[in-house]
């Protein structure tokens, strides 16, 4: 097993208890050798920031399943910077919009909000493993 | 059992071997006390006329299931008259048209061709028992 | 007795004289078949089949291009066997009419035939339908005299031939003499056996649904065993017995067991040891629901039943069955929904033994009684005994249009929708069997009106479901 | 031990002090319930049920008028029980937020809640939803502390209460303390028993699907038995255990048998003789197919399974499950397709005994081991033992979001899609059980990537089906 020595914070934001993707992500990232702090479901922006600071995280990965994610994440990038983590990667994945909206447009919107990458209903989650490995290797 | 003493000829016209409705009709009309001559499936106009003459039929009942009935029945009324059966009732029932056409219009067309009554995809077959009993009682 | 070689060769010469077969020499046909990859052989596909029942749609269009497109679409949709369904005129040996209508179709680019006119197109052209196909093709028709048709089908590389002297005569014809139909199919069985080698067997399949209307399972089982025995006699060594969904899932499961057991019993009894017998299940073949939601539920449930009885093959219906010849879209959807449902039910394949044993023993006993009575008839051969069985009403198929079929056997549904015999007609059946049937019907009302009679036939189209 | 009357009365006084319950006096509520016709009682409906499983949809809208319309439409479509599904805020006791959002909904005539905010509307208004309804109403929610909610539901004439201390806490909440949840549900069980007379019992139902994601049947069975025993302890005498379609029909059939047997065994063992136990089956609760054709096939197959296991009730899904809160059209269609499929499969009701005995014994043995281990724990009462079982990982629900849930139990699917335990975590299980589970997985590849892991979770949404 390759140990990446990278510290990641993951969780599901908002009043959302749909945890399946989160559990899979946790297990997958651990298998890939990351040091994962999973703050679980039903979490708020502060929880992500606090955990990231506490763990000196290299990346923060936000999930949202019920489509209400957008309301919660506006200030995440700014807060990370304020709290001294301006180099941390910030990802978001899940159902990023309500209704059927084109993937590219949805993902671009989140990147504009300061996310390093965004994944709206991705067909594969393994892509994310490749992407994050690449980003962190820089 | 009421015995009507009326003689009926029934059959399915054209190159059509779908016999289910015909068998039900035969059994139903026999149960109702009629003298039924069933010429079966895959029959032609002549077969109906010949059987009607031979049995001195009070009514001729044509079925058609595959939607191609119209081509076969144009001359039935005329032939019956020619062969001395101008008072015989003439009925037709089944899938009288291809595709979804309004029932009234389809049935009217066949009545114009000399049929006493026509039944396009009827919801009930018992209605016909009532109708024919009434017609023959006149 | 198997038709002796010399006689068969002579019969064949006569058949092959048909100008419709002239474009391919018999030897060429044989050579073409022999060089086909194993994947094109139905018998091999059965032997290599995986967990799921093999999935086979129906389908036939007049025009070559339409048929080629349908073939391609069904292939892509995931059909395991591809169909070639023949038009009615060819079935009734009215080859000229089929050819004329085909010409008109081509001129007007319209579809005036309810199937593919194989003999009008010819075997050579038909081969090219399947050039890029790596799956077996099944000939589906309904022809009492299919000798020329089957010759052409084999010439074209079709390796599965549906039909039989009983099943393709009584439900499909009004007056084709049953004895002649049986002899025609004896020829076809002999021909299929003649073309079969140890590795490459031409597969035969009987058509168990018959009229698909209120046929009691014991009669289906008896007829399936007879057609298997008739084929085995001619040397056929790969054969499918079949039946269709009856409306009672429990009765279907029982029928599958009875069919398997009875088949084995009679093969053993008559000493046929080298026949690979397969079980084919047809999704509901009777009057079909018009509403999409019901049609698709029925199709799904048929697939679950096929999985439960571990059928070797399932022949599928489409949601537009009640409306007219299905287009390729609804055909592809039918493949899709069936495939998914089979997948959902795959775990059932090993789960035989649902407690329908009483019912299956019941069916088997009755079928055996019918079969024993037929084998005791006087006659010069099995086909001859079968023909007299039809004439005397020992074989009797409800709702068959055929004039030699007695039509005295009458069936109704019990409270669980199972088909029960209300009037045995001339069919010999054990007392105990009839008693149980009556018991099952004890709280059924008498059929008087036409609508109550239709109530059973129209099981899937009852107004109460709307 | 049953909560003693005096203590219960005191507890209740506190609960009833909630201003949200002020509009109905407890005695009025009792009187209202008592005068409802028997047809409104779930427990009676179970006792009088006919051949088919009782059919129950889900459904909750924010606005009264929408809910009234949904109720009417489901009634007309043929639902046997009507649902009242509660919104998330009410579930999390955030009554104020639910009320505020309801006001906004009313102003803007929009639906901002994912269920019916019963406490915001109040019991009196809610009664009028069902004035013209002659069927039982079932409360569907997911609330760890449902004391006030259930009081209001009973005031409103609802006679079936879904939930339980384990099943409505671990899958539905991140941090609500499990011991408090168990105590809250002890109160609710006691309340339901208090309101039950010999003829009119308030029916309780557990939620066996849990996270609906890879939960092994033995864990479901153990939890169902525990919630039944907890309710029986408080005097509940009409109770449903439940589970959901897992993706392996054979495993579902085995689970039903194991669930029935294990339930009976423990009721006998602990001397509860007067509890009417029912079996409820949920159509597939996991990630749902997006495509209509697959969604409907899945729903149909769930109905066949319900018929096969002779479920007392089936809780249905709609074809739009993957897309969002179902509208009443797709809800009505779901009722229709399920009804038809149940009808098609009714003959199976008597057909128990599919040879899944080995599997069901396997499940039962494991469930019994879990239960025995829990009953041997130290603790002041059953609820207390259950709470420690959760904390120590004896009870462990895969994919539960709850922080007290260990999450060490890990499951994967075998070749027939049955759910098998790959890592037992802290769950005590017999050696022989684990060995058989491993055997079943012998030719399964290791899960490494995320997609292979999701492959099992996404059983019904795999790309290979498209």
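In order of appearance the chains are A, B, C and D, and numbering begins at 1 in each one.
By our rule, a contact is a pair of C-beta atoms (placed from the backbone, for glycine too) under 8 Å apart; a residue touches a chain by one contact, two chains touch by 3 or more.
Given the structure is predicted, the values throughout are model-derived calculations rather than measurements.
K.L.:
Mind listing the chains that sit against subunit B and also against subunit C?
P.N.:
Common neighbours, subunit B/subunit C: none found.
K.L.:
Centre to centre, by mean C-alpha position, how many angstrom separate subunit A and subunit C?
P.N.:
58
K.L.:
So the centre of each chain is just the mean of its C-alpha atoms; given that, what is the distance between subunit A and subunit D in Å?
P.N.:
About 32 Å, centre to centre.
K.L.:
Averaging over Cα atoms per chain, report the distance between subunit A and subunit B in Å.
P.N.:
That pair's centroid distance is 74 Å.
K.L.:
Mind giving me all the chain pairs that touch?
P.N.:
A-D, B-C, C-D
K.L.:
In their complex, what parts of subunit C are in touch with subunit D?
P.N.:
On the subunit C side, the touching residues are 247-251, 253, 293-294, 296-298, 300-301, 303-304, 307, 333, 336-337, 339-341, 343-348, 350-356, 416-418, 465.
K.L.:
Quick check: in the complex, which residue numbers of subunit D touch subunit A?
P.N.:
Subunit D residues touching subunit A: 88, 92, 171-175, 211, 213, 287, 324, 398-401, 403, 407, 448-451, 453-454, 457, 463.
K.L.:
Which residues of subunit B touch subunit C in the complex?
P.N.:
12, 15, 17-20, 22-25, 27-28, 31, 40-42, 98, 123-126, 128-129
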